[in-house]
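A short worksheet on the structure shown next.
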Amino acid sequence: MSTGLIEGKTARRRLPWGPMARMAGRRALFAAPVLLAVTFGVFAVADASPFDPVKAYTGTAGLTASQENLDQIRANLGVDQPLTTRWWNWLTAALTGDFGDSSVMRQPVADVIAERMGWSVLLAASAFLIAIVLGTALGVLAARRQGGWLDRCASAAAYTLEAAPAFWLGLLAIWFFALELGVLPAGGLTDTASDVITPGQVASHLVLPAAVLGISQLPWFFLYVRQGVADALDEDPVRGARARGLSETSVLLGHALRSGMLPMLTLIGSRVPELITGALLVETVFSWPGIAAATVEAATSVDFPLLAALTVLATTAVLLGNLLSDLLYGLADPRVGFDG
Amino acid sequence: MTAAVLSVRDLSVRFRMRGDRHVAAVTGASFDLAAGECLALVGESGCGKSVLASALLGLLPGNAQTAGSATVDGLELLGADERTLARSVRGRRVALVPQSPAAHLTPVRTVGAQLEETLRALTATPRRELRRAAVAAAERAAFPASHLDRYPHELSGGLAQRAATALALIGDAPLLLADEPTTGLDRDLVNRTVDELRRHTDDGATGRALLMITHDLAAAERIADRVAVMYAGRIVEIAEARTFFGEPGPLHPYARGLLAALPERDFTPIPGMPPELGDLPDGCAFAARCDRATGLCATRPDFASGLACHHPAAVPGERSAAHA
Amino acid sequence: MADTLWRSTGRTRRSTRTVRISFSAVTVAAVVLAVLIVPPLAQLDEQAVDLSKKLLPPSWEHPFGTDDVGRDLLLRCVYGLRISLLVGLVAALVATVVGTLVGAAAAAFGGWTDRIVMRLVDTFASVPHLLLGIFIVAMFRPGVWPVIASVALTHWLSTARIVRSEVLSLRSRPFVDAAISGGASRLRLTARHLLPSVLPQAGLAAVLMVPHAMWHESALSFLGLGLPTHQASLGNLVQSARSSLLAGDWWPTLFPGLFLIIPTLAIAGLAGAWRERINPRRRSELML
Amino acid sequence: MTRAPAAPRTTARSATVLELDTITAGYDRLRPVVREVSLTLAPGEAVGLLGPSGCGKSTLAKVAALLHRPYAGRVVIDGEPARGWRHTAPRAQRTAIGVVFQQPRMSADPRLPLRDLIAEPLRATGRRDEVPARVGELADTVGLTGELLGRRPHEVSDGQLQRACLARALVLRPRWLICDEMTAMLDASTTAALVAVVEEYRAAEGAGLLAVGHDSILLERWCDRTVHWQTPPTD
Amino acid sequence: AGCSNPESGASGGQGEGESAVVGIAYEPESLSPLLGFGKDGNSKIFDGLLALDGDMALKPALAAALPEVSEDGLTYTYKLRQGVKFSDGKPFSAKDVVFTYRTILDAKTNNASKSELDAIKDIRATGDGTVVFTLKYPYAPFAQRTVLPIAPEHIAAKQDVNTGPFTTKPIGTGPYTLTGWSKGEKISFKANPSYWGGEPKVKKFTMAIIKDDDVRATRLRAGDLDGAILPPNLAEGFKSDKAKKTHAAKTYDYRTVTLPGGNKVAKDQAVRQALDIAVDRQTMVDQILEGAGKPAYGPVPTGSEWFTEGTERTHDLERAKKILDDAGWKPGKDGIRAKDGVRAEFPLWYLSGDRLRQDHALAYASDAKKAGISIKTQAGTWEVIQPRMKTDAVLAGGGAPGDPDFDQYLLLTSSLAGDGFNNMAWYDNPVVDKALEKGRESGKKAERKAAYDTVQRELVKNPGYTFLTHIDHLYVVDDSWDGLTTQIEPHDHGLASGPWWNVEDWTPKGTKK
């Protein structure tokens, strides 16, 4: 029945690279002003905050130090200059590749980031993967049998998890897996007594923090997938797919999930800030030598160079996350397009 | 007469509504569909045609209740569990061309992808061959292959209709339910599509049957063996297509009115309005609109010899028994 | 047709559904009553320290037991719920309203408005939440309102993005064409056709925000920037119960934990019922 | 000008036409669907548009209703060329044209009961007070009985929904009416009834009609003239 | 290690007890002595000229003997130990000592504790083996200050003192060398084989930095740690664990409430006296500290040789009420007293997040209420608290062992009122001022003792602070080493504190392998 003539024209629809590239380009252009605004904002807010860099720098010794001594250190650190000067100096130096020295870490910021960034990314990426995959899987299963026991348990657990601070989860996880079962190490990047970093050790030390961080991020993914899929299951396209005799799996994954996962894709981008917050807490609880844990310290000790660098990193992560989710969204829903 | 592909007995569907009321969308429908037969189901909008089709596929909304029985190949469809329906009824025993085809396609996937998926689910097409098979399936319903990579919202109304037909033809199901399969198509395409449907019915070695719900009486005349007329949830007449469209014409006053409303005939609507399905009269539901109605019509006429009317236009006995 | 045997097709469980709606409603009502009425009526001091009654297990005198400086936990839970609900509800409400409006506006206008607004949102989102929270709280005296502000201001971003992308997807539906041709202004289109469709998404975010805000508050307290740790808030109570739990005393954790979770589940239950009502098709049943 | 004049317009004011002037439109600049199509609709005139499926009739209808920006050409409504499209078109121009869309399921907001669906344009244009009277009157005309009005789109049949869509198109008393395959899924009786409704409306208001369809018999019987799409379908 | 966790077998190659992992709560800002690291001794990586032994007595370290002090107390001469090498193999000499002290005193050096060396006028090396300090004024406790670690000139001098790599990768003469510092995670040390005091038996020593008490306790229980510092309520949980021993270090660490001179109520002598006896110190020790501590009546702990016998106060609510009655503070309707229209109430701040201070503050407020004084507890960070210290009470902590001058001078001298965290209560008592000056300058022990007795008696008459408790620091450690002792500890938990102050002297129990 089919003719060769028609077949010539059936080359598959290619990914819309052009619009995607244009969107990415627009985002890249926007990134510069966003970064400028964010770093300046952070400098300004940190400057207006009551935290004192000198006090943080000197630690407990500063409590009994004389005022003269403190003033001298303030001048030495250069934090007595006005805010705009400091920001401008930082910016110009940063553009030449010099990110300054961190007063908290007592190390060049570039070194701090080089040493720690990788571990944070590893932790956050594994956690995110866990959250997305597990959340989606559970969400689909729960939506399939709305009101079933799995749905009820998982939903109640999701709201409970959302109410449970990451500290708590971490502590419980340590208590259960490291203490009661003794199967997983309780913290650190490697065994505390070991000095070498081997992939095996890192992997076993990664399990708990990544799981805790992942699970703390899970409720949003789970509940949005569940709601999206449940709604989609009630709509005509799914009715159509059912009528065609597709298997339950195809109906769920190929139709209900495909239409219902759109909010979840958005979450990929918009949960990045929460992920960073979570990483910050989890790194603290598990003594994970990542960079997120340094954020609070950098903030409360007004360590401008480190704070600015961390902000740049966080901003980049957020922008990339959002770009990724908008690209995925545009791909997943052709009606949205690549306009943003 | 060959064994019935579809056998419907006393099928009723009602919807539970707010305030404990019910809408009786289909009431006591009984008919058989033999292998190789094509039945056209006609009736005014809202009389329950689509609901009847949905009931056969187990695709009614959650507030629906069914009664009666319907069997295909000896398998009881009503009350079958979701698993049976999904694994061995839908697409495989009973295929559907839905009425709003665009709304029944998943908006975020291309037509081609949905065709290929259906092919994979219903036939043993190897992965490599999928595209080719999809093109062929599309071709059957006159869906242009160049539009396979379009998303449903990028299709014109007629294209979406053809896509839906293509999807329904894939499974080679013994029973094909086509709900308004010709909307949005020009006359050439209508003819082509209904011919394809007819061919599909005739081809089947094991015997296939077609239930075509349509308002397009010309198309019905073209392919249908018999015509069933539905009014207010009930089947009021089943007749041979030949006699229905030709002489002596339909017997039920309602069916006659329906034919008379055609633009090529009087182009005048049947006066009055169909009764609300939530509040049906005890007697003949058409009585209020019928110029032949008498006091007798306050009791409901039984469905006998293919007709449910106290005052048919001609004597039913003069026609050959229409239903199996 | 009385004799016809009707089979239902939907998997409806109406009875449990009503039970659950009423359970949720009663819980929410009880909670509201407890936090509004009990404290002013009781005139008890939830701060009263009595070192001789340290860590007593639940008893008639102290139904929830006492904490590690001998304060009555029942009283503290009720007071804590009062503050936490205030934080949770207000923060969730503000975040949801702001997020929904911004997201819907960005998508409804589209083009450059959308781009610029969303980059502003990104800018906001880029400063880590806790950091922004720390600064906001640090700049004011510690107290409830800075905490609420810091939680609300950092949490509307997800909602905004979700609402925006849903609206974007809705914007090209044919019924939008119909509305435009019916003379609907952009505002009307958004308010009447687009927003109601995304409300369930925003509502879910709001419900999730309630418990999240409560714990966010305690995270700030943990860093020394939230409510004072002696002040009873559910977050604080759960937080400070950690070490008691390690020592084997379960009640300082359990009761505040339940106080945190049960109202959340009840609110979620009501939100589910509401979603079902406004959803044109959902008729299966009420979910949590 | 939000309200169309009640009295039929006289052809004397030649400005009161709906004119599509060499319209080129589509969804891909390189391969437009509609190429240089011109069409003029005089007041009170009923024009049928016939053409093969997928040739671009609905696209043209959307252009005429100011819902789709053409790549080239202009639309003139009552002597005023359209300057904006969709939301940027002035409300008076948008509402001067009533549209019945091809697919009722897709063009109805699933959360509005039929009553609100019909009333929506009145509310959107700030004419709330007319709602009860006008909705009741129109529902009667198109044959929607009481209880149906309270149902949501997924609770009624496609034909019933199409009636509501027609009522919605008429509710603002537009001077121009575009019916895109309005009767495609309706039975003969309902078709005849709805055509009668439209004709009655046109007789009362003097509105012009563009009826898109495939059924040449119907269009010929219904319209003053029918136009056959010249260009072959794009694919 | 005494680890029960099978995973930590990876510590590899070490015999039982040759490696130790301890959990600590504080992390040094820097590891450079020039910036203040290890200024109180026991820095593991470094040695000072002198060191403190278990009884807090000075003993020679890099100096060959205790210093010779001139008659006028202005010149200190140290003979250096010969043959000591830095761990990089370079010899230690007098110029390293001179370099270290001069650099610390340099204005460009960001060392916040340089004022502790305020008395130094000059330091020089005479010959290779001797260093001589000259002081600006006689300063009796000066020798105590020379426990501060000596940095190698040949490395540190070449770098920026504030930011150079030496601040994180130091080299010293001490018993251990640093093998890694992963900030926020751990600091690890390896025994220095060429240590002048002999190679330590514990070959590997790791300090895991775990700020959260609960996490530390959990990891200790999980076998991840061999020892850890714990707050009293968590240490309690290890009582039944036979394999672990709890070491309670006596301290100078006190908790006190400042009664600021700028507050109308708190400056009233009757109020101060009443509060001083209205508080139930023993209950605080028993309930808040789980018995691990002592009531405090002043900065000097009971039992110290500097403590003035007879200044203990007993809890006596009735007398407290009477004092207030007599002074005209009359109870109002709600039980809160007032005098001349001034209600007896003031706020009390504590550092938020500090559980121990919070509990002390709450208990104090509740005791005060019984006497008719309303104290409203409030929490904040130091940024919030500091500007309010002149008028609001603060739950403060402090205490330095060694010389009584170290904290009493800063705490009580009126001229230091409002100077940072010195004299937080704005205490102003000329008698005390004079006695403090005397104690600081006099070289004679008896004279000094008399002076500090005066201070303590004055604090009974006019208690500008309500001292509450002296806190024992609790360390739970695996029982697999001999030789564990604790020093008397200061308020801060530096790296130097805990049973591991002399980890270099530990010997694994029952040397099995």
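In order of appearance the chains are A, B, C, D and E, and numbering begins at 1 in each one.
Rule of thumb we're sticking to: a residue touches a chain if its C-beta (ideal position, glycine included) is under 8 Å from a C-beta of that chain, and two chains touch if they have at least 3 such contacts.
This structure is a prediction, so every number in the text was calculated from the model and none was measured.
**Student:** Most remote chain relative to chain C, going by C-alpha centroids?
**Tutor:** Farthest by centroid: B.
**Student:** Give the chain pair, either A-C or A-E, that is connected by more C-beta contacts.
**Tutor:** The comparison resolves to A-C.
**Student:** Sort the other chains by how far their Cα centres are from that of chain D and give me the top one.
**Tutor:** Checked the centroid distances; the maximum from chain D is E.
**Student:** Can you work out the whole-Å distance between the CA centroids of chain D and chain E?
**Tutor:** Computed from C-alpha means, the inter-chain centre distance equals 86 Å.
**Student:** Give, as an integer number of Å, the spacing between the C-alpha centres of chain E and chain C.
**Tutor:** 45
**Student:** Using mean CA coordinates as chain centres, what's the gap between chain B and chain D in Å?
**Tutor:** 29
**Student:** CA centre of chain B versus CA centre of chain C: separation in Å?
**Tutor:** Each chain's C-alpha centroid was found; their separation is 49 Å.
**Student:** Going through chain A residue by residue, note those that touch at least 2 other chains and give them in order.
**Tutor:** 50-51, 167, 171, 175, 236, 262, 300, 333, 335
**Student:** For chain E, give me the residues that contact two or more of the other chains.
**Tutor:** Touching at least two other chains: 214, 218, 381, 383-384.
**Student:** Where in chain B do residues touch two or more of the other chains?
**Tutor:** Correct list: 61, 100, 103, 144, 146, 153-154.
**Student:** Note which residues of chain A are touching chain E in the complex, please.
**Tutor:** Chain A residues touching chain E: 50-52, 55, 57-67, 69-70, 72-73, 76-77, 101, 104-108, 167, 170-171, 174-175, 178-179, 182, 185-195, 201, 204, 283-285, 287-289, 293-294, 300.
**Student:** Can you list the chain B residues touching chain A in their complex?
**Tutor:** 57, 59, 86-87, 89-92, 95-96, 98, 100, 103-110, 112, 114, 117-118, 121-122, 131-132, 135-136, 139-140, 144-146, 148-151, 153-154, 164, 167-168, 170-171, 173
**Student:** Give the list of chain D residues in touch with chain C in this complex.
**Tutor:** 2, 62, 65-67, 86-87, 91, 94-95, 97-99, 101, 103, 106-111, 120-121, 124-125, 152-154, 165, 168, 171-172
**Student:** Could you please specify the touching residues of chain C with respect to chain A in the complex?
**Tutor:** 11, 13, 16, 110-111, 114-115, 118-119, 122-123, 125-132, 134-135, 138-139, 154, 157-158, 160-162, 164-166, 168-169, 171-173, 200-201, 204, 207-208, 211-212, 214-215, 218-219, 222-223, 235, 238-239, 242, 246, 260-261, 264-265, 268, 275, 279, 281-288
**Student:** For chain E, which residues are in contact with chain A within the complex?
**Tutor:** 1, 3-8, 10-12, 19, 21, 28-30, 36, 39, 107-108, 110-115, 162-163, 167-168, 179-180, 182-186, 188, 204, 206, 208-212, 214-215, 218-219, 221-225, 381-384, 410, 419-422, 492
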